[in-house]
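Letters A, B and C name the chains as they come in the text, with residue numbers starting at 1 for each one.
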Amino acid sequence: MAHDLGFWTLQALNALQLSMLLFLLSIGLTVIFGLMHFVNLAHGSLYALGAYFAASLASVGGYWMGFFLAPVAVAGVGVLLYSGLIKRMRKSGPMAQVLVTFGLIFAMLDLTRIFWGDLALAIEVPALLEGRLAFLGVEYPTYRLFIVALGLAILGALAFVLSRTQIGAMIRAGVDNDAMAACLGINVERLFFTVFCVGCALAGLAGAVAAPLLSVTPDMGLQILIPTLIVIVIGGLGSLRGAIAGSLIYGFVQTFGAVLAPQLSSVLIYALLAAVLVIKPVGLFPAKG
Amino acid sequence: MLETRNLDKSFGAVHVTRKVSLKLERGERRVILGPNGAGKTTLFNQLVGELTPDSGSVHLAGEDVTALPVAKRARRGLSRSYQKNTLFDGLTVEENLGLAAAVHTGHATRLWSDSLAKPEVREIVQEVAAQVNLMPYIHARVSEISYGVRRQLEVGVALATRPLVLLMDEPTSGVGPEMAKGFHDLLNNLPRDLTLLIIEHDMDLAFDVADTITVLNYGEVVFDGLPEEARGSKLLKEIYLGSWEDA
Amino acid sequence: MFRQNALRYTALVALAAGALFQAFTAEYFGLEILTEILILAMLVLALDIVAGFGGMVSLCHGALMGVGAYAYGVLSTKAGIAPPVAMAGAIAVTGAAAWVIGAVCSRSQGIYFIMATLAFGQMAYSYVFEAPIFGGDDGLGGISRLDLSFIGVDLNDSRSFALFCLAVLGAVYGAAVLILRSGLGRSLTGVMHNEQRMRALGLTVWRVKADVFGLSGMIAGLAGALAAQHILYISPGLLGWTVSGEALVIVILGGLGTLVGPLVGAAAFVLLKHELSAVTTYWHLVVGVILIAVVMSRTNGIFGWIETHWGVWIERRVADATRKQQPEEVARDA
């Protein structure tokens, strides 16, 4: 197969765009796990919720209203979830947590159907981001470039917060050793709450920005859940670097697998996950030594 | 029976075991003394294979077992108990002992028969239960017996594999002086051909059971000899007893 | 450790009686539901063996059942192998696949084990979806049932097939009890309670996990071969992770590690699904809320709840009854 440079650039951009979307989802999930040892399988449902909120808000006040308010609305749902369920499930084992959030998936799936119906919704790409941009010799949809830029910006912002600010230091301490962090006088409960809500907001944001690319359907949360889990398991649960590495690995393997080895593409990523778990059972960048 | 040659291990900059060489004869009862952090448990972990030494070797009954995994060493006759109870919590005393005896008799992986109902397994369970005074609690679950009885079971489970060498990590840790004394009587009544290596904190209690004494300090063997010599040793007093003599 | 108690026997007898009653009185639709329950019951039994007694929470058992269904379908239609041999082949193939998965995942713990099994399940799903021999998205049709005409049973009759599945389920339950009461099953429970200690005692832990996972896979494969014969058509959807997730939900709702509980769970789940979908299209919501409520109530599922509330009472009644009848028997046991 002979491919020119433009082809590679195009595929690399596709891969990067997928990676950034997964990064927005997985960073919240992995930090929540690292801090609270809580596996929230309903994280994908929050993403779907973000897309639905964005679709509804966009039909009232245009795309940008959805873009800015959907994450806030999803964070609001996160507050409800945290105080209603998750706070009480903190002391339970991972099995119970997996099951409660599995029940949440079921419930939220039907709740979105009740509120928004079974038909797929669509959002228009905002006028500002319509069309294509010439980028490194290829024409690429502006909106997808926007997603890449947004992902990179959030990655940069999170990296700054985590490495340079006090709350970042507290989160790092908490991931490392939450009992120790509590001893150092950190209000662990409030920290958890904040992180959980930010994680939810990021999932909502991912849903809002993904909505114009896909059709918004009730099962979109289920569809994104498995890739997100693969990302954080490959990277190492609770690990920030792992979420970045896992997203990039998933995005590139998936995208390039589909064009270079279409027969194998769907099996490829699962085989990779299995291989990682066999060689390094706790992921590539485990959060703790 | 059990021998180590120049066992060395460090975690980063911390040297936890320095060129430890020990030699235990068959039936010898040796007590390892040493202050907290002297590397006693780390040494045990290397002996049974839960940790790999950086250098040096471990020999069991004349065979170099340094490269063998935990389970294989255990099947060759090396058994251990833990400082922190490591039991099968939801199960009864009988089942705890039975699981261990089943591994020893080879019934633990059979599909066609119930290991716990096998006569040879039941026989070992009865014998060990008698040895460590567990007969009155035999049908009780671990959650229903007291801490002290659990310590007995901790040693019982290790004994039920019918080991050649038994390593005991502070068998009396956390029990009162009365009970610890009883525990040492129990150890003294174990078969004489069983080789024992015991980590003990209390010196006086150690002298009850020890044929020989090894003292570790900062991962290094600083004394190796008979209990009488240890009692008089000035070096030992300085290292090990220094803290309370100062006070 | 697996313990069969009076309450469990009572529940088993009640379940068997209910199934028999349904099998002899129900019409076509009722029989289809009964068969669905019976086959699902085999799958959740297989899952309870590994999850409830070995701590191996598998999210690939649905996929294993799918492997069994496809193996039977391909062997009996494309390879033209006689159905009984194809069934044996399906059980063997699924068991072997499960053994490999169990061996590979044996080092992973907790959430990593769940994810690793999920990965293998999804791998099988994707492969079946893509490979032309399996009919891809269209699935595979033209499957025939076992021919038992030599003993005068026509399995193409719904009632006969339901009764046949009930008999197979009985055998599977017996096999599950034997596995759990074997040396292997005992060691597995030891591993669940304390893996480190079992290893220190000299047990090759990964082998035990892989062996039991393989046996559990054989049961899942059998359930799959029967599912293929039940609906006579198979599609990749059988292998999807939501099937595994539902099986896990049933085991938990029924009572993890009780063996009887998951059977209760399977019956409750299928009946609930059919009843609810008759009145509302939002039956997932109801199931989700029930699941959350059960887990948050911290009981061990429906059966666990019954055991904590009624177990002692029934145990005492049965003990009283047996003491009156056979005093010497009780004395010997004590």
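The definition used in the following text is that a contact is a pair of C-beta atoms (placed from the backbone, for glycine too) under 8 Å apart; a residue touches a chain by one contact, two chains touch by 3 or more.
Here the structure is a predicted model, which means the values were calculated and not measured.
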{"item": "Chain whose mean Cα position lies farthest from chain B", "value": "A"}
{"item": "Per-chain CA centroid nearest to the all-protein CA mean", "value": "C"}
{"item": "Distance from chain B to chain A - Cα centre to Cα centre, in angstrom", "value": "49"}
{"item": "Approximate Å spacing (C-alpha centroids) for the pair chain A, chain C", "value": "34"}
{"item": "Rounded Å distance, chain B centre to chain C centre (Cα mean)", "value": "42"}
{"item": "Chain C-facing residues of chain B, complex", "value": "48, 50, 70-72, 74-75, 79-80, 82, 86-92, 95, 98-100, 102-104, 107-116, 118, 157-158, 161"}
{"item": "Contact set on chain A toward chain C in their complex", "value": "39, 85, 88-89, 92, 94-96, 98-100, 102-111, 113-114, 222, 226, 229-230, 233, 237, 263, 266-267, 270-271, 273-274, 277-278, 281-283"}
{"item": "Interfacial residue positions of chain C with respect to chain B in the complex", "value": "1, 179, 181-184, 186-187, 189-190, 193-194, 196-205, 207-208, 211, 215"}
{"item": "Contact footprint of chain A on chain C as seen in their complex", "value": "57, 104-105, 107-112, 114-116, 118-120, 122-123, 126-127, 129-130, 241-242, 245, 248-249, 252, 281-285, 287-292, 295-296, 298"}
